[in-house]
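One structure, pasted below without further comment.
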Amino acid sequence: MTHIVVMNCNTSESMTAEIGRYARTCARPGTVVDAWQPRWGPDSAEGYYDSFITAAAVLDRLHELPSSVDAVVMAGFGEHGREGARELLSIPVVDITEAAAQFAMLLAPHYGVVTTLGRACAQIHDSLTTAGLISRCAAIEAAELGVLDLETDPEAAVDAMHSAGRRAIDAGAEALVLGCAGMAGMSDRLSAKLGVPVVDGVAAAVSIAESLVALSLTTSKIRTYAAPLPKRRSGWPISKESGDTDV
Amino acid sequence: MTHIVVMNCNTSESMTAEIGRYARTCARPGTVVDAWQPRWGPDSAEGYYDSFITAAAVLDRLHELPSSVDAVVMAGFGEHGREGARELLSIPVVDITEAAAQFAMLLAPHYGVVTTLGRACAQIHDSLTTAGLISRCAAIEAAELGVLDLETDPEAAVDAMHSAGRRAIDAGAEALVLGCAGMAGMSDRLSAKLGVPVVDGVAAAVSIAESLVALSLTTSKIRTYAAPLPKRRSGWPISKESGDTDV
Amino acid sequence: MTHIVVMNCNTSESMTAEIGRYARTCARPGTVVDAWQPRWGPDSAEGYYDSFITAAAVLDRLHELPSSVDAVVMAGFGEHGREGARELLSIPVVDITEAAAQFAMLLAPHYGVVTTLGRACAQIHDSLTTAGLISRCAAIEAAELGVLDLETDPEAAVDAMHSAGRRAIDAGAEALVLGCAGMAGMSDRLSAKLGVPVVDGVAAAVSIAESLVALSLTTSKIRTYAAPLPKRRSGWPISKESGDTDV
Amino acid sequence: MTHIVVMNCNTSESMTAEIGRYARTCARPGTVVDAWQPRWGPDSAEGYYDSFITAAAVLDRLHELPSSVDAVVMAGFGEHGREGARELLSIPVVDITEAAAQFAMLLAPHYGVVTTLGRACAQIHDSLTTAGLISRCAAIEAAELGVLDLETDPEAAVDAMHSAGRRAIDAGAEALVLGCAGMAGMSDRLSAKLGVPVVDGVAAAVSIAESLVALSLTTSKIRTYAAPLPKRRSGWPISKESGDTDV
Amino acid sequence: MTHIVVMNCNTSESMTAEIGRYARTCARPGTVVDAWQPRWGPDSAEGYYDSFITAAAVLDRLHELPSSVDAVVMAGFGEHGREGARELLSIPVVDITEAAAQFAMLLAPHYGVVTTLGRACAQIHDSLTTAGLISRCAAIEAAELGVLDLETDPEAAVDAMHSAGRRAIDAGAEALVLGCAGMAGMSDRLSAKLGVPVVDGVAAAVSIAESLVALSLTTSKIRTYAAPLPKRRSGWPISKESGDTDV
Amino acid sequence: MTHIVVMNCNTSESMTAEIGRYARTCARPGTVVDAWQPRWGPDSAEGYYDSFITAAAVLDRLHELPSSVDAVVMAGFGEHGREGARELLSIPVVDITEAAAQFAMLLAPHYGVVTTLGRACAQIHDSLTTAGLISRCAAIEAAELGVLDLETDPEAAVDAMHSAGRRAIDAGAEALVLGCAGMAGMSDRLSAKLGVPVVDGVAAAVSIAESLVALSLTTSKIRTYAAPLPKRRSGWPISKESGDTDV
């Protein structure tokens, strides 16, 4: 049995639940998926400010990870924190940003990202750049939807994502990546409309996490991702409560 | 059931058998792995000349692929041909070069490649560059072993690979990739010796192929990888015989 | 009068005091410098994990910024958070990483960074990359000192930094950058020993902050750095107390 | 006397003849040009699949090269195989892709490529990237003509190429490169229409081949392009017949 | 007291005077600014040819620099010569191209350049590339104004610059840089019209020069910018006259 | 008959004569080569300062070019000025830096440059970068010889160049480029010693110039390299004398 925690970066319970439900539909038989969210922080992450808050909130929450967990999926597209989690943990950490881009690169010479708000495009560009995956990204296009609009009006969301996807294709993309964990489950409809493969990062990351666990591959600890040095960290971690933290 | 063909690029039957055996140990329950090899071409591919021969020989062989196959793994590290296979086929094609580098990039900020001969380093560099995966590659180091030496003297092979791996680590790599399909199965020993994760491309590619099939993701056909145009191709495919082609 | 807050990213009071003292020696007449530190978080930031904690702790603290402040200096070399502060605030935000690299690039064709621990090199590389300042960086070399060792044994620190600086010069650097806010004040000695200009990021950033204020230049708010969207951010900010927060 | 073989990559006899005729008009007095084509393979190469077939077919044919030949021109724009030929042969090998881009870069700060089908653009991008010549390429634009349409309706071909050339100029190109060996001879008309220099790769490559021969410069054999290792290559070369193979 | 020479690269006395006047409004109290121009050369620099003439003319004029000068500002946007001045002098040399881009990069994730003539765009691209500052430049847009038109019809100039600025913003810029020393003083109007920060290079460079002087930072002399070797330079410097050379 | 002027950038008459003599040995029958030098400027160019002087001196001298000249070779390795000459003239201008790198890139996957002084390496890097030819340059190594030492002690020069060449090969170069016009004629000896092709820029550039003339290819005049605008250029050109200027 493989035990994966999918870590939503925001505190929207409905989105966490939805991500969990979707992740379970993608997982192999024998994989148990728990969807977690931070104990504090923004309802949705839309920009650098929120992203740095959620990065800390996610790391804070990861202190509660039971030893039975085999891998963590970081379910915030373009969000900060993945490298910190790789230091903190000794199990594999898979970011949906990386996972989605990697799969897309196997399916097409260039891919595009369809995300929510234009204000997040530079941050996604940063995330793909530091991940070493930017050179085959043709475009990052925003549907100009708030993260939470995805739930409230899914039809309008798909229409706006369709337009953004079309712009990415016109810019050279031949496959698309869903640039928001909250878009989980919309890939089929978008793919059918646009005629290109559409990769959902949650699905990709869960699958890669299963692979890494199966192959006994885990984070290198020789230098950059070595365990954090023991030291005084005043007031940290912030959430000390334990208990059942799954959604 | 998922049916994967692992396509060795050379005509060494023992290597094809070994790759198949190793791939099967990595595959999930319910996955059937067939190991194929071209009907003609070099015993081993060590450089551009051999690689261009094997690319055509592999494409030639892929004409015989039964419709029951769900995905193809291209099991030649740094070898040519993957984009041609993506045109020819409508199922996912996963190159071990890409798969290995992708997994390594999830485990460390920079990775290194340990390959056989120095003459192949430029070609591997090309392959990672066009795959968009070069920017986090710290070094490509050769053990100066022939591909077939891997079978004849495995102890010496591991020693030479250990030295090459050490050089890659000194150059900044924190994870390693085995740069030859024939190294399949040596990753554990090398990882134990060097203290870093060592990714075998065959294992990584089989696992990713399983994932793509499970997620119903396949190659984009809108432009670059559209099916080859119908036209006269004199004397092609070269191998017309059918029959049981598995090793 | 120009009022600048220099924001140490860690909670070491002696380091905050030292940074403030040094910043004041660099500031022009008529500039008031306050040195702040977060209300929580690690004593020193040495790697991604600490850095993501300090980014949030710094943003948390910046909520207390009085309206009289004209600019903020982010005094953590290679640390996260600068883009979040640019969203949160409407005054200029100058990161010592950027400031130091910019000045060094005016003094030499290539510069090197001398930092504390090797585990931070990849993070500094990320920070310079996303800042668009990496292409003329010849090397990032670690003295293998803990941040707090800088205070406890300054002689040994200078020796170790000298060796690291020499390696950077051998790799092509013709000017050096001090890769840690806690190295403030060591630039003169290192420069005298090595014969190259050595830029301290705190000094550079305070000076650039003064310039931006004098020229009435401030952060672009049209897209990426627009003010954070109003939304529920549960439990945030973490520190609600007000009062005199200067060190 | 300099003896050059211009190697068309496809099996279209009329195109081979046309390339030969054009190459002879470009050659210096005293240069003998033979136009060759593979013994097997596609009538035209339009995409990766065809290109990998032609690469092997070209290498196969090059085994018949008489020792009197001084240089080989690879006359397939963006096609694979050049590095393999450099291994196989000890005389200079000049790819029209490289030759055309090099000349264009001497005439303008940025150049554009006008090619036949959009499906080949990614492949041309790969070829210029691995050749180290992409950074000053402003655009690769397709006329959406099949290779063989160039012969059947030259007027329509020039019109479509004119439009594609105009798009490349709008994207920043100040000189153009003809992205297909079959366009040989169209450069003057396109140049007159668009007011920019238009470089034909066959002409450029023949001229560079003459230069390399005159200067006694030939391929480096110390590592990457060393002669192929002796080994068993089953069923290879495919074409064993000898005789007069010129068109 | 800090003594700065702002070196206009052309011989337009009115422009030199205007640059000087503007620079003085930007300088701190206690800074003395002299505006100089070459003794020979073009009235305006618009392209490589003029730029190479002005580079030599500027270096020629710098031989007359009195020892009381603390820093030199090179006031030609995208013009050649800065590295030569760094060899010749032992005081800091700040190019307005570098200064403007550096400040813009602190204010926005991507910046754009608004310059005079399209013919200068490639040269500005070169200058930012060799300065290591190109990666966050979203666009270089020309207003298609001659340098001297800026003086004769300032209203039309601002309109044309507004259009060019809008194009740069549409291409991803979130801050702008004035790409001509003769645009000094237009930044406020352009910023008000477009809603983004607009950086004038003269202002930025004077301010940075003050900072470098205050921090006792000067050019590295260990290798690339070491003083020119003593040797015969026939007929050089061209202008031997001394006297009061300030405008 | 093709008439080429080879423009030495410095005022050393013996070097100009030697360059001319060597260029003539490389030229085809029917090509007339004149070797020119500026009327003023340094005896040798070793660094940015000299290079900017020689750029203007070369442009100054080019005003005297008779209309019978078909092409100009810029014979200063890594020196400035080529783009200015492309504006000024309507005939092809070939820089030996570009020519040498282009030929080397046809002979090996990576090339190295062997130059005179270390202080010039950054400038050569700039020149290859703006020429778009840097990505396959493995190393730029200095023999630490003055330009004029090449004439006074050719044996010591070859020894020092041999060591520098060896370092470049160790860094990955498989072909070398002579990084100084004054090294003309040393390529054979260096090639024999090191076992790799060694490209002399003067030979390469003369040959390419002949090719461009033969193919009626000349500089694009649509934008960047359009003729200089008519305007007042005070005191320019500096040398007005005419007469026989060949050496």
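Per-chain residue numbering starts at 1, and chain names A, B, C, D, E and F are given in the order in which the chains are listed.
Note that in this section a contact is a pair of C-beta atoms (placed from the backbone, for glycine too) under 8 Å apart; a residue touches a chain by one contact, two chains touch by 3 or more.
Note that this is a predicted model, so its numbers are computed, not measured.
Novice: Taking all residue numbers used at the subunit A/subunit B interface, answer same if over half belong to both copies and different if under half do.
Specialist: same
Novice: From the centre of subunit A, which other chain's Cα mean sits the farthest off?
Specialist: If we average the C-alpha coordinates per chain, F ends up farthest from subunit A.
Novice: If you match contact pairs by residue number, which of A-C, B-D or A-B shares over half of them with D-F?
Specialist: A-B
Novice: Centroid from C-alpha atoms only, then distance subunit C to subunit E, rounded to Å. What do you get?
Specialist: 28
Novice: Go ahead and note the Å separation of the Cα centroids belonging to subunit D and subunit E.
Specialist: That pair's centroid distance is 45 Å.
Novice: Need the CA-centroid distance for the pair subunit B / subunit E, whole Å please.
Specialist: 53
Novice: Got the subunit F residues that touch at least 2 other chains?
Specialist: As it turns out, subunit F has residues touching two or more other chains at 83, 109, 122, 223-225.
Novice: Any idea which subunit A residues touch subunit C in the complex?
Specialist: 11, 39-44, 46-53, 55-57, 59, 80-81, 83-84, 86-88, 118-119, 121-123, 126, 129-130, 146, 223-226, 228-229, 231-236, 238
Novice: Quick check: in the complex, which residue numbers of subunit C touch subunit E?
Specialist: Against subunit E, the touching part of subunit C is residues 26, 28, 83, 92-95, 98, 102-103, 105-109, 131-136, 169, 174-175, 195-197, 199, 203-204, 207-208, 210-212, 214-215, 217-220, 222-225.
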